[in-house]
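Next come two complexes, and both contain chain A; in the first it sits with chain B, in the second with chain C.
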Partner chain A sequence: MSALLRIALLSAWNRRLTLGLTLLSIALAVTLLLGVERSRVAARTSFAQSVSGTDLILGARTSPVQLLLYSVFRMGGATNNIGWDSYQDVTRHPAVAWTIPIALGDSHRGFPVIGTNDAYFEHFRYGRGRALELAEGRPFAGIFETVLGAEVARRLGYRLGESITLSHGSGELKVAEHGDKPFTVVGILAPTGTPVDHSVHVSLEAIEAIHLDWQGGAPMPGVQIAAEHVQKFDLSPKTLTAALIGLKNRAAVFKVQRHINGYPDEPLLAVLPGVALDELWRVVALVEQALIGISVLVVAVGLAGLVAVILASLGERRRELAVLRSVGAGPRHILALLALEGGAVTLAGMGLGLLLLKLLAWTAGPLLEARLGLSLAIQGVTLAELKLLGAVALTGLAASLLPAVLAYRRALSDGLTPRL
Partner chain B sequence: MKTLLPSLLAAGLTLAAGATLAHGQAHGHKHAPGHGAHVHGQARLLLAVHGNTVQISLESPLDNLLGFEHAPRTPKEKEAVEAMLARLKAPETLLALSPAAGCKAEPAQVSALPGQDGQDSHGDLEADFSFTCANPPRDLEVKLFTAFPRLKRLDVQLATPAGQAAQRLAPGKTRLSW
Partner chain C sequence: MPALAIHLQELRFRWQAGAPLCLDIPGLEVPAGERVFLHGPSGSGKSTLLGLLGGVHLPEAGTVRVLDQDLGRLSGSRRDHFRVDHIGFIFQQFNLIPYLPVLDNVLLPCRFSRRRREEARRTGGSEQAEARRLLEALGLEGRLLERPANQLSVGQQQRVAAARALIGRPELIIADEPTSALDADRQDDFLDLLLHECAAQAATLLFVSHDHRLAPHFTRELSLAALNRAAQS
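Up next, the complex of A and B:
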């Protein structure tokens, strides 16, 4: 057997270029397959991690998935806000334990600004019920004070005491700056791996204050209210984008939801974040399946390439195999030799693919985490991935049996009597 | 990749929105505010578990449970309504929580019977069940499909100590666990 292995190795080394390229294509295919699977799982876990302990999300009537996306993940925008009075009404419902108001719409250098209150720092939970922690400083107390998410501070290099200005909207328009009312950084949150890291937190009053001298989304010409004078105005919020609601008793969740959805004065919507997330996955599942399907096809192409290369090599190895037969190798040995080659290339390709994936996660992981908040934690191979790898290995072995069987069935004399 | 995820989500949203819109147009009748869509063959089951108490609500078009939605006119239809009510009044036969939990059902609250709320074309039924258990229950066997053969799909929303989830049940898949 070891002699056979040696022969196989030496013979393969002789054809190292073609086999090497085949190996690379299998490796890339495996990297793609596992990469797609891994990002799918990472997206699900990181979404699921982002909100915990919140029983309901309150917003204007829209699609539940959309409300979840903009209120928790800051993806897309709200079509409507909700009135402060309606929000107050909901908070007075006897089953409600706490609420976190959320006002969106401004940004700081591309990072969304969230107007909220102390409840955010007290009640917001992520992961498995973990509370927010301040890495430095304290929650905001004054109007022009802000608390930054970990990623905002890290990427823009902000420290405590720094002065920043907010922009109106998503920040692409340079004219819409709230430049006259700068904010002081008073706190920086510890990293959470959720959208909180990418957020700039200010008080609800601050959101009102910076828009005092604004009308219709632009500064009113000739009107300027200096930062030190805003206290004289009524800064109580008029509208909100959304609110997170925690209940005293989970069993009441559908009752409160029904109450909110039937609220007579304003079309409101309450969604269960976990339910909305599942609905989102049900929709996205189609796309996920398409991506997995494409990766499976790419693996099939890689394996077909392997079979083609070994089949083609049968022609050039006619002499080699004939000589082997003439010195006593049985057809069974030829079969083993070729199957061994195909199997080894498949397995080596899978190994290289895994290595490439590790490398990719290691180099591109931090970028993905910073840009998308997706944490592709450099994890071990999961059960689902093992199943995929097993399927690839089995298919590879089965496929390499094809050229092996062809060679097995050739006559002993084949290749020894060259036709002229 | 930076633009891929949001655009995938956007595509998904459009799909979902399209589906709802298409349904609304196809059916073309007005829903009362706060009520779900009215699709025959489908119903909603809401299940909330807190400690040893379980609250379950069933929201279904009457057609699924009766085969008609108007006020009962013939003796046969009246009989059907009575039979349905009798079924709903015995929640244990419709919703079987894990036997180990030792759950007791309280009398079910049934609202909106056919013809009662003045609408004649489409009627929905809402039934609220509540259970008190000796131990926290971990699963539920839904027997609604055998009791009401016209019911083909059940969209379930769960709020349990294990978290929130949406699941879909059908005559071949009747078990929920958390």
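Up next, the complex of A and C:
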């Protein structure tokens, strides 16, 4: 058998260019397949980790997925705000332990600005119930003070004491600046791998203050209220975009949800984050399946290429196989020789694919984590990935049997002198 | 040593059921130690006969005995073993595995057959030494032996094939037109070397060719067309 192995190796080396390219195509296909799978899992994990400990999300009546997207992930915009009074009412419900108000609508160089209060730093949880931590500084106390998410500070190179201005709206286009009321960075949060990293946090009062001289999304012509004079005005918030709610007892969640959804004075919506996430996944599942489907097809193309290359080589190797027959190789040796070749190329391709994926996670991982909050951690292979790899290996081995069986049958009929 | 190297009795073979008979040989006896010239023009069933002698094909009727062994009584894998243990083959051309070095090509039978391996060790000290000795006797030596087989000339390749057939002293050497790819001068040289080595090893030689001019080198001349009733009609 070792003689056969050596022959298989040298024979493969003799055809190293075609086999090498085939191996590479299988490797790339495997990288794609595992990459898609890993991004899918990473996206789910990162979404699921973005909010924890929150029992309900409160917002204006819209679709649950949309409320989840803009309140937690800061994706898309709110269609409507909710009244401060309604929010206060909900807060006073006996089952409610804490609430985190969220006012959205402004941005700083593309990063969303969150108007909130101390409850954010006290009650917000992510991952497995981890609280936010300040890497530097302190929570905001004054009106024109801001706390930056880790990624905002890192990417824009901000440090404590820096002065920044906010823009109206969410674009990076500076269409409408709140340039007259600059904020001072007083705190920078430790990285969390969630949308918090990409947020600029200010107080609810600050949101009111910068919009004092605004109306309908534009500065009021002829009216300008200087920063030092804002204290003279009533800065208590009038509206809110959303709120995260924590309950004293989770068992009350449906009762509170019913209470909010049936709130008589204003159309409100309360969603369970987990339920909304599930709904989101149902929407995304189609895209995921399409991506997985495409990757599977790419793997199939790679394996078909392998079979084609081995089949094509059979013609030129016919005499070679007859020579092996004459020196004592049986048809089963011929079968083993070719199956070995196909199997080895498949396995080597998978190995190389895994290596490429590791390399990719290592080089592009930090970028993906920073930009998209996807953590493609350089982790071990998961069970789901093992199943995919196993399926690829089995398919590869089964596909390799095709040329092997053909060669086996040919070895029987050709005998020692193939007719060419 | 058995008295008969090859013994065919009432041998019949066809490629597929319903196809016309390809071989129909009432009898053939080749005593051990003979050097037989078998004249076989193309289409006379030559390749098929070689396949039967090598145990690659089995007859429809009759028996094929090689060295007193009825090949029909052996299983497929036993026939594969028997073939490499007792028979050395030399073909018309493309005898060698192109990407294997010359020495590895010669050693192939030793890789598949323990008997040939041990015999080569016994006569040459080691398989490699025996392979080098045979190659040298056939006029091949030096750095040539490390080269891939496809870098050799056709004449050199045929001599490598002869060394491979001879290594480990198989009792029967079957050569199928081994000289047809060589020019006339080289044919005689090659034949002399082959006959000499076969005699040295006391091997039976079955030499198949359509070229009558070579017949005088042999102890006996047979015509496959005369033997094979299927080819006569």
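Keep in mind that, in the parts below, the second predicted complex is superposed on the first by the 406 of 420 C-alpha atoms of A that agree within 3 Å, B and C clash if a C-alpha of one lies under 4 Å from a C-alpha of the other, contacts with A are read in each partner's own complex, and residues count from 1 in each chain.
Please note the rule applied: a residue touches a chain if its C-beta (ideal position, glycine included) is under 8 Å from a C-beta of that chain, and two chains touch if they have at least 3 such contacts.
What you are looking at is a predicted structure, and each value in this text was computed from that prediction instead of being measured.
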Message: Between chain B and chain C, whom does A:Ala3 touch in the aligned arrangement: first, second, both, or neither?
response: second
Message: Quick one: is A:Val327 in contact with chain B, with chain C, with both, or with neither? Answer first, second, both or neither.
response: second
- request: Please work out whether A:Arg319 is in contact with chain B alone, chain C alone, both, or neither, and reply first, second, both or neither.
  value: second
- request: Please work out whether A:Pro267 is in contact with chain B alone, chain C alone, both, or neither, and reply first, second, both or neither.
  value: first
Statement: Winner on chain A touched-residue count between chain B and chain C: chain B
- prompt: Given the touch rule stated above, what does A:Trp13 touch, chain B (first), chain C (second), both, or neither?
  reply: second
Field: chain A partner contacts - residues on chain C that touch it in the complex
entry: 47-48, 50-51, 54, 56-57, 76-77, 80-81, 83-85, 89, 91, 94-100, 108-109, 111-113, 164, 176
Statement: Contacts from chain A onto chain C in the complex sit at residues 3, 7, 10-11, 13-14, 319-320, 323-333, 415-417, 419
- prompt: Any idea which chain B residues touch chain A in the complex?
  reply: 1-2, 5-6, 8-13, 15-17, 20, 33-34, 46, 48-50, 53-55, 57, 157-161, 163-167
Query: For chain A, which residues count as touching chain B in their complex?
result: 43, 55, 63, 65-66, 69, 75-76, 249-255, 258, 261-262, 267, 272-280, 282-284, 286-287, 368, 371-372, 374
